[in-house]
């Protein structure tokens, strides 16, 4: 009998980004799975080698919209690792605040999308409503909802105003009760238990073999967190817990992420309250030849950057490894034997970020805007005119 | 203007197509659905099948894998259909212009009706863009 | 005369009320999610818009089957809606009885399945097969639950008799009636393919399931059909458990309350649950729901 | 001495054959099917070895069935009944599949064994009624109008013997297992003629005769009949859900539908019995239509394996339409004929007064939904869905699009009957044709106005069409299906054959175990009995050698021995 | 085990294969090894020392290609980078993916972006590049040139 393949993707409502999964099924049961990626490949690594060290920060920021802090953070740490040098305490704190803000918004985003994938749109709406508050905080601190552009080799680009801090703390405090309610709603729902428990189990050994990272590995009992293992930023300054669970199923991955949000809020509040004084930028002039490695704990796991410099003002080789690149192949171990309905949520449970995985984009010296708003409006009008004519004919 | 066209403007169902984006625009599109922005107020719905779509929201810089598939997909949309390029990448390929894997700009592949620039454009900007589109078409 | 009923009540009134119900559903959903929700006329606008869209037919599909499936579905809904309305007005009965109603109510599902199968799309095939599995899952408790009013009405299967038997007191006032009503509402949820039983359409799994390939007028008819069902099924429950629509004096208020109450329960269920897997759905209907329905039937046989 | 009696009996031919309205009706249907099957066979059986023998056997079968229908006493009935079993064996052997010889053997043994039971039943009846009157009674016993009360053990056993023979012929549980095998392995016209239509007519005819005329039913016996009917309905259709072979699946439905007839007759009230008998005719119409259409599809695709079919609608649209109509009829979708007779049976069940009527009603109605489910699977796997690689080649061949006239005529006639009887003629049988069979006035608690309902449905169709017209139907455009941006042409494996649609149900808790048992054939009386008999090793292997003459010998020897013993 | 013990154990065990060892900082060690010994050393690090595989980075340094395999020993925060040099004309190396799943994708990626052949790779299909990308054209090589004439480098609109 010929095998039956059910496609998920490439353009599928499950995924914001295009990826093409082929599930080989028997009835509703998945017996095999394969994936074709590359729909998102932009060649960022090559581009990065055309840019200066400063400008590369902007390119890596555009590797992924959700990880737009992790990549610059890891990249700046890689560049700083070439000499090596330490940045000032204040900029460490600011970096930590931004990174943790990203973590909480990323986890909320995942939670909402997971709800959406399960058809539980109320969770989706509620989680994203909370996420808006965090985005507000980020907008206050950095001036933008995403792509914060806060990082540069040697420090941060923008300082935090003292008067903004109480507002931010208030906002963070304001979401905690709702977050608690959401936590209860999600973790105590019997239907969700039925849907998620025991589904897509990643065993401890598999987590090791696949070198799984971040919440994906922590849900399987592998206590692995760069913030603890090789501390950076301000993480050593305060007490916080690493959340580890045992079962490795989708439910545990959700538990890890939800509980982590509370830890993250704690860290953010500590950093905001105890922000030390000092310079925010070490003003690096020249970058000597050498190799640098930077790795940080992104919301999805360890982000790893490798930069090789030959003494010019451009990186000679820039390698980006996003957490999803390592987490993603675990689908092979987790999806087989599950049903199609479960396959989708299992795929979502590692919080995949294909843009990161397929990075290899290019940096562009000029920055981003090519046309100003007026041009675009004009062009838009012209197009609309054409379209009106077309529709008028109909 | 016919009743059906008027109805189209009051109930544009959008289909989201990412052709190699950085996720940011895509997430902001989803954000438009959520309580703060709630585009269902304008009758907009994000739908899963391209055969139900009235508006294609294209994000990203159109890499080699996407080019052929984009043409096929555009064929599949029931007309009339509007195409909105969300973000700088879709509008002009942005910083990815020189990449080896982004050969052709979006509007050389399929006709684009509206460009919404920004990296990423804020949800407000997207809504404003689509509303402007509606006004333009509706003004005929 | 039949055709006047059919056009005025079976089609026009049902369609309008169904679209309004669909608006109520969307609005309540939006409010639960802290959103504003669509304007009042939105469901109507959607239908009109779809009529203006191009019809695209998937390549290699059976064109006639693909196009006729929505028509079969809406014809089934119109017939069953007419049946309910006219039985509501005439106590001597009309066209069919309880059995006919249950069979006619299966036609919309049948049309969705046929349409999905004719789409020549693997995802649509999968969606249709799930719809079919769902039908056999909920049919058992649904028949049992719907049997309770028949028993309570003394074994008469004429809808008009069931309505008349509740002149003194509605069946939903009995223990058996309440149990059966709970089961029936869950089954209606599945019949309407709403969360947690939207498995056949599961947008994030199989893109839209059986309706994936439909566009333009075909989709418009299917949506209209679903919206009409959204009115017809609660109407059926009202006939079975609340003695039909009572359109005199203060009873109008009660009728509206009953109707809106049923719709609200359906909407709230749909907003507080994730989608279940198909095997879980089958287990749910053949397990607890059937037991509950059997309990209701036994109680009804004992006269409770 | 006994020879004199036989000669006496032969001198009085009026005692051999008699007719009544039901047997006339059955004979009319048998004639109809005979003609249609012969027409269908012209194309289907062309070029097979010994085809002239096939026609001779078919004619002999037809004649024998007339003999059964018009038999005026038990001996005539028994002779033709036995002959039919033998002809069944011979006809099945025309199949060209691997399992054909085994199937033919199985059918012969099951039917033959129950023939012996029939004989035993006849003898018992003879003992009860005229035990002292010598052999004469056996020849002159009319098969109607005796009314033996089911009070003593002997009469109950006698009734059960008759019922077993009827069940085996019609294919009700637990003697059903030869039907699916036959459906899979016998030639299509044979299946459509014997298990699907003729055997149903004869089996249920006998059951009705025996139940209504020879014995007086008791409520307990009615309950037993209804239980057998209900179990048959649900169990057989559950098996049908998971089948992988087109005709085997249809075979299980041939079993399942018998359940409705048994249930109808078991209700014991006029409306239920009318429903059961009506269902018998309806069933033979749509089931032979299904078998013939399925056979045409199988011939076109070159295989009966559902996994390798699909998309045949483009090659044989006419066959698809008739198949669809017949499957809607068998699923009981109003206003087809299947709904009308099922509706009558439900009315019968509701008014039967049996304390478990809810159970029977639920079984029957759920069975109907399950039937729909398995036919949807079939329609998807065979006609709709995506074509398999093999079917793609057939579709590419333009020449193959025509349906042969000799195939088309039976299909069109039968599917027209499905709709016609359902809409127009459904009141005739239970009002007029079965009147003499029904003991009391027919009054139905429900309403079913098929004419008005059909008009309403047609009006709905018109409304739907008008909505289409308001839309953009005229400008329809053909585009590739949406599978996430990929194309089906590049990914031929993206094809859902539909074979495993109900795997979910198969693997559901308790059902999983039951299905596993069923697949091990633990519910197959033939296999179970075979295992028991395996203890008698040598004898069994001697009996079980597949040589026809020896089986026939055993049959004759058994008959003779029994006669001698009884005399 | 502390840092020194691990390093001592490691160097003594594989001293024949280690060409060079650069102790860059407290948390970084670069070890140059012979390509033949990669599978042995890599598996040892992964299985026996319990290091986590971070990633491999390949760089085209004509006339050679350099691959760095990064392993992180989490307990002591030590990142060990194994460095191998391959021939730029015909880069070939034994695959680690057949031993450890984690190497699967990165080897596929390196093989298409830099044209390195991994001998014995269980699944040597293309990972990132498009279906119509020509064989043997490796975008991350220094000598990469635009091959597609249809490419349009204008800004669009």
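Order as written gives the chain letters A, B, C, D and E; numbering starts at 1 within each chain.
Everything that follows uses one rule, which is that contacts are C-beta pairs under 8 Å (C-beta built on N, C-alpha and C of every residue); 3 or more make two chains touch, one makes a residue touch a chain.
Owing to the predicted nature of the structure, the values given are computational and were not obtained by experimental measurement.
Relative to chain E, the most remote chain by averaged C-alpha coordinates is D. Taking the mean of each chain's C-alpha atoms, the chain closest to the overall C-alpha centroid is C.
Each chain's centre was taken as the mean of its CA atoms, and the one lying most distant from chain A is D.
We define each chain's centre as the mean of its Cα atoms; on that basis chain C and chain E are separated by 60 Å. Each chain gets a centre from the mean of its Cα atoms; for chain A and chain E, those two points are 25 Å apart. Centre to centre, using the average C-alpha position, chain C and chain D are separated by 34 Å. Among the residues of chain A, those touching two or more other chains are numbered 4-7, 10-13, 18, 28, 38, 41, 43, 46, 125, 129, 339, 360, 370-371, 379. The multi-chain contact residues of chain C, meaning those touching 2 or more other chains, are 33-35, 51-56, 122-123, 126, 203-204, 207, 212-213, 216, 278-279. Touching of two or more other chains is recorded for residues 5, 34-35, 47-51, 63-65, 69, 73, 76, 78, 80, 91-92, 97-98, 100-101, 115 of chain B.
Interface note: chains touch in the pairs A-B, A-C, A-D, A-E, B-C, B-D, B-E, C-D.
Of all the residues in chain E, the ones that touch chain B in their complex are 129-133, 139, 144, 146, 148, 150-157. Residues of chain A touching chain C in their complex: 4-7, 12-14, 28, 115-123, 125-126, 129, 189, 191-192, 194-195, 339-342, 344. The touching residues of chain C, when paired with chain A in their complex, are 29, 32-35, 122-123, 126, 195-196, 198-199, 202-207, 271-280. On chain B, the positions that touch chain C within their shared complex are 2-5, 7-8, 10-11, 34-35, 38, 40-41, 43, 47-49, 51-52, 54, 76, 78-80. Here chain D touches chain B in the complex through residues 477, 479-480, 482, 485-487, going by the rule given at the top.
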